[in-house]
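Heads up, the next two complexes both have chain A, just with different partners, chain B and then chain C.
Showing the complex of A and B:
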């Protein structure tokens, strides 16, 4: 029932998108300077029906309608309701439907929010957006239909992989998709601006809120994903430079570059073409990201079973998209003069863009090099985290410095600003205190600590200056402060992390450094959808004779039968204690890994601050209209 | 002669060009030093000393009945049905590590029969097998 209904609704929304394409094209020729009412009506219907198709799929999951292959493969009657719902986008077909929903949502929001813009500009944006929507809907209906029916109808589903049954992972895809797919709207806007020759000021004001929104969501999505990896994968790390993680980071670099260069475009004519190129690249990178994750060509720890035909579709779509954007760009690109004065604010923003592009290149090469090498020579390799750390870490120094001093410069007029000020003085004295207390010998790490301390103190100073001078951009202060905190906390985390792995039986005790770990008891119990063995550990810190209890679990889920190791994490303000336990081939020996992870809270919190800056930028902007 | 503006532009262009070349060389050099090559046990037995210098990834099946543990380490045999290598590892194994299942170990070869692992890799999906292992097992099963 729900299956046929879903197919019908999705087909109608495809028809609506196609008619919107036609209507917008037709409307271009009309002399009226307002977008016709019909387009509004159709857009409203389009968003209504697209949402309805998604709700239909959610309903099918909620009532466990196993006549849908998609529900049968990814759900189970005993699964908690929350995970039945989140299971909807935990698989390829469902997440593609979510992707389309967000495309439609952005198209609709653009139509109703940017009412005061040039008519043809809006219509062209709508045309490009609907080309994207129709293509993805066709892909959904022909290749990845979540409503495909199954006969005979099975009585029970196959279940959802238990590591995906997690609150963080339930909200991770929607957040990331708003970021990824949000970039589609400025892709469309950029192409439309080229064709209708919109001036740089209105291009900048149109694109800016969309960039800040997608950037903030992308940041949040990455944050939630790495929190999940931290407590669920049991490695005790938060970033692994895994190809799948990289695919979410690469569009982020481009969005960050765009976010900054739009600021220039708002004030002067420069960077028009560059902003257009960045907008096109960002969405292209988002599609590349989707392609990399869904096609299965990456050898990643996150890889799920995949289907190569999807990759082929996305790849051909990508090629078509890139070539037509390049064509449109070269056909319509305007001439512009590029005169920059060194030490003006815009040249610092250009520098930011250089850094972002460089970071992007490094991550892109690291991610794709193994794929190319494999196709060309058949050699199997993987690129390890040292590559990224080794290359990126030194470049953090100039980046941090520029983030501190760049925003202090004025627009257009060159003016060298003294870098010797109170903030630097405080930063250096703070750094000396840190230096004495940490006994760290890596010069690079120390320098990174110093530069991030400088950024932090400077942004705090800027924050207080805001009370005097209302023109200072608060979102910049918050995001830059967050970034300084992030680098600062990661460095301290690197320096102070403690790790110990060993094997133990119940009753064993292990001493190392100033810790004693006692494995006191093991309990087994059965829950609705899993069986569990829970270990009781006491961690004694001999230095200050405090102790804490940690209880990691080994869970055996019944549908599908999967073993997971639940890390036990004791979170304190400054440091996490992290313990995982695993069983080795059903003997009575357990494999224990204890980790002390300092400043984890600070890492999460600073990323939250970074994205908060973007959200603030958006609200500030909306108020102006 | 070139006027000053063109000269300046040329200078900027050239310095950017040179800088990007240096960066690219630096990038690929680091990349080369940090790649992990993938070997199956059969490939290890045929390999030259290059395989012993750097960290590599060793992939295959955990031989049934071969896993032994004591207070410090885990010992097991990785096989691709043709050749076998003994792996020694200190640390936690991922949830899907089991006898008779696929495994990827990261670490250093001590000799052609003996591998010291630093990390055993986790995979999300019990049906999923790293493409490298699948391929090398497929070839050997013939």
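Showing the complex of A and C:
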């Protein structure tokens, strides 16, 4: 019942998107200065029906309607309600429907919020956005239909992979999608701006709020994904340079570059084409990411089932998108003269862009190189953290420095500002204290610590300056401070992390460094949807004679049958204790991994601050408009 | 000028799309089973407790050789060890151990506790040389004949069934 209804509603929303394409095209020829009322009505209906189709799918999950293949394959009656709902987007088909919902949402918001813009510019944006919507709806209905029916109807479903049953993972996809699917709107805006020859200032003011909102959500999405990996995967890390993590990071670099370039474009005309290129690239990279994740050409923790036909569709769409964007760009892009003063603020912002493009190139090569090598030569390699750390880390130094001194320069003026100031003095003093207390020998890490301390102190100074000078941009201060904190915390985390791995039986004791770990007991019990073996450990810190108890678990879920290793994590303000255990089959020996992870809370909090800066920026723009 | 860039960009894009297209549907699971039937790679391994190197070329003088990659820290290695000890009694077969990324002290204790089935023991402390044999985890075991041809490759601990299979092959 819900299945047929869902198919009907989705088909109508496809018809509405096609009608909107026609209506917008037709409206271009009319002489009126206003966008036709019909377009508003159709858009409203479009968003209503698209939401309805998504809600229908959620309902099917809530009532466990196993006549839908999608619900049967990804849900189970014993699952808690929260995970039944989040299971809706925990699979390819459901998440594709969420994708489409966000495309439609942004299309609708653009239509009603940017009312004062040039009519043809708005219509072209709608046309491009609806081309995207229609294509994805066709993809959904023909290849990846979440409403496909199953007969005879099974009485029970196959269940959701237990590692996806986590609050962080329930909100991770929606956040990330608002981020990178949201970038579709400035892709459409950029192409429309080229065709209708919109001036730089209009382009800048139109895309700015969309860039900042998608950037903030992208940041939050990455953060939540990271938190999930840290708590759920049990590897004790928060970033693995996994190809799919990279897929979310690549659009983020471009969004960051765009966010900064738009600031320049608002004041000068010189960056028009560059902003257009970045806008097109950001969404293109988002679709590339989607292709990499869903086509199954990569091996990763995000295993959507491998289906080449799915990959082929996304690849064809991507090719079409890339070729037509390049064509439109070359046909319509204006000639520009670039004239920059070397020490002006815009030069520094442009330097930021170079860094972002460099980071993007490094990550893109690291992600795609194994795929290319395998396809062209049959050789299988994997590119891991050493590659990224080795290449990216040294470039953090100039980036941190530019983030500190760049914002102090004036727009357009070539005035050179002294870099020796009180903030630097305090930063160096703080750094010396840190240096004496940590005895770290890696010069690069030490320099990164110094430069991030400088960025942190300088932004704190800027924050207090803000009370005197209202023109200072608070969102910039918060985001830059967050970034400084992030790099600072990651460096300290690197330096102070302790790790010990060993085999033990119940009753065994292990001593290393300042710690003693006692494996005191093991209990097994059965819950509704899993069986569990729980270890009881006491961790004694011999230095300050404190102790804490940790209880990692090995769970065997029954639907679907999966073993998961639940890390036991004791979070304190400055440091986490992290313990995982795994069984060695048919023995009573367990493999124990203990990790001390300092500054984890600071890492999470600083990413939150970075994102908060973007959200503040967004509210500022909306007020202006 | 613009046209030149356009052609260049299109050519790059076409190349990328062709490669991505070809990569679709390829088997992504890393497996080394295709090495079976091929000749064993020629690798110089260090002896475990004396100076000098041992070349896999020298294995041609034995009728059959079993190369076993193990470490004291590896749980499944502990599990399969008794089978290796059992196999070492077969005179048609020589077992060569490659101690993988291990500490000497722990490895020696392991052997004194569980028995030493190895005719020759070598080491690969950095785990790099083992890659040449197509090893991507331990324990792994490779059976070769006197022409250095790979007859069998076992990923993970060997069990009773594998022991029977190995004995059958080498006793022929």
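Keep this in mind: the second predicted complex is superposed on the first by the 621 of 625 C-alpha atoms of A that agree within 3 Å, B and C clash if a C-alpha of one lies under 4 Å from a C-alpha of the other, contacts with A are read in each partner's own complex, and residues count from 1 in each chain.
Convention: a contact is a pair of C-beta atoms (placed from the backbone, for glycine too) under 8 Å apart; a residue touches a chain by one contact, two chains touch by 3 or more.
Keep in mind that what you see is a predicted model, and the values were worked out from it rather than measured.
Contact with neither chain B nor chain C is seen for A:135 once the two complexes are overlaid on the shared chain.
Contact with neither chain B nor chain C is seen for A:494 once the two complexes are overlaid on the shared chain. Contacts of A:291 after superposition: chain C is touched, whereas chain B is not reached.
In the overlay built on the shared chain, the residue A:384 is in contact with chain B alone; chain C does not reach it. A simple residue count on chain A separates chain B from chain C, and the partner touching more is B. By the touch criterion stated above, A:503 is placed in contact with chain B and with chain C alike.
Within the superposed three-chain model, A:372 lies in touch with chain C and out of touch with chain B [touch as defined at top].
Once chain A of one complex is fitted onto chain A of the other, the partner contacts of A:362 are limited to chain B, with no touch recorded for chain C.
In the superposed model, A:589 makes contact with both chain B and chain C. In the superposition on chain A, the residues of chain A touched by chain B in one structure and by chain C in the other are 296, 299, 380, 501, 503, 584-585, 587, 589, 591.
The touching residues of chain A, counted against chain B in their complex, run 161, 163, 233-235, 296, 299, 301-305, 358, 361-362, 365-366, 369-370, 379-384, 386-387, 390-391, 501-504, 508, 560-565, 580, 582, 584-585, 587, 589, 591-593. Residues 2, 5-6, 9-10, 13, 17, 19-26, 28-30, 73, 75-76, 78-79 of chain C are the ones that touch chain A when the two sit in their complex.
Considering their complex, residues 23, 26-28, 30-31, 33-38, 55, 57, 67, 69-74, 90-99, 121-128, 130-132 of chain B touch chain A.
Contact residues of chain A toward chain C in the complex are 291, 295-299, 306, 308, 311-312, 315, 318-319, 322-323, 326-327, 330, 371-372, 374-376, 380, 501, 503, 584-587, 589, 591.
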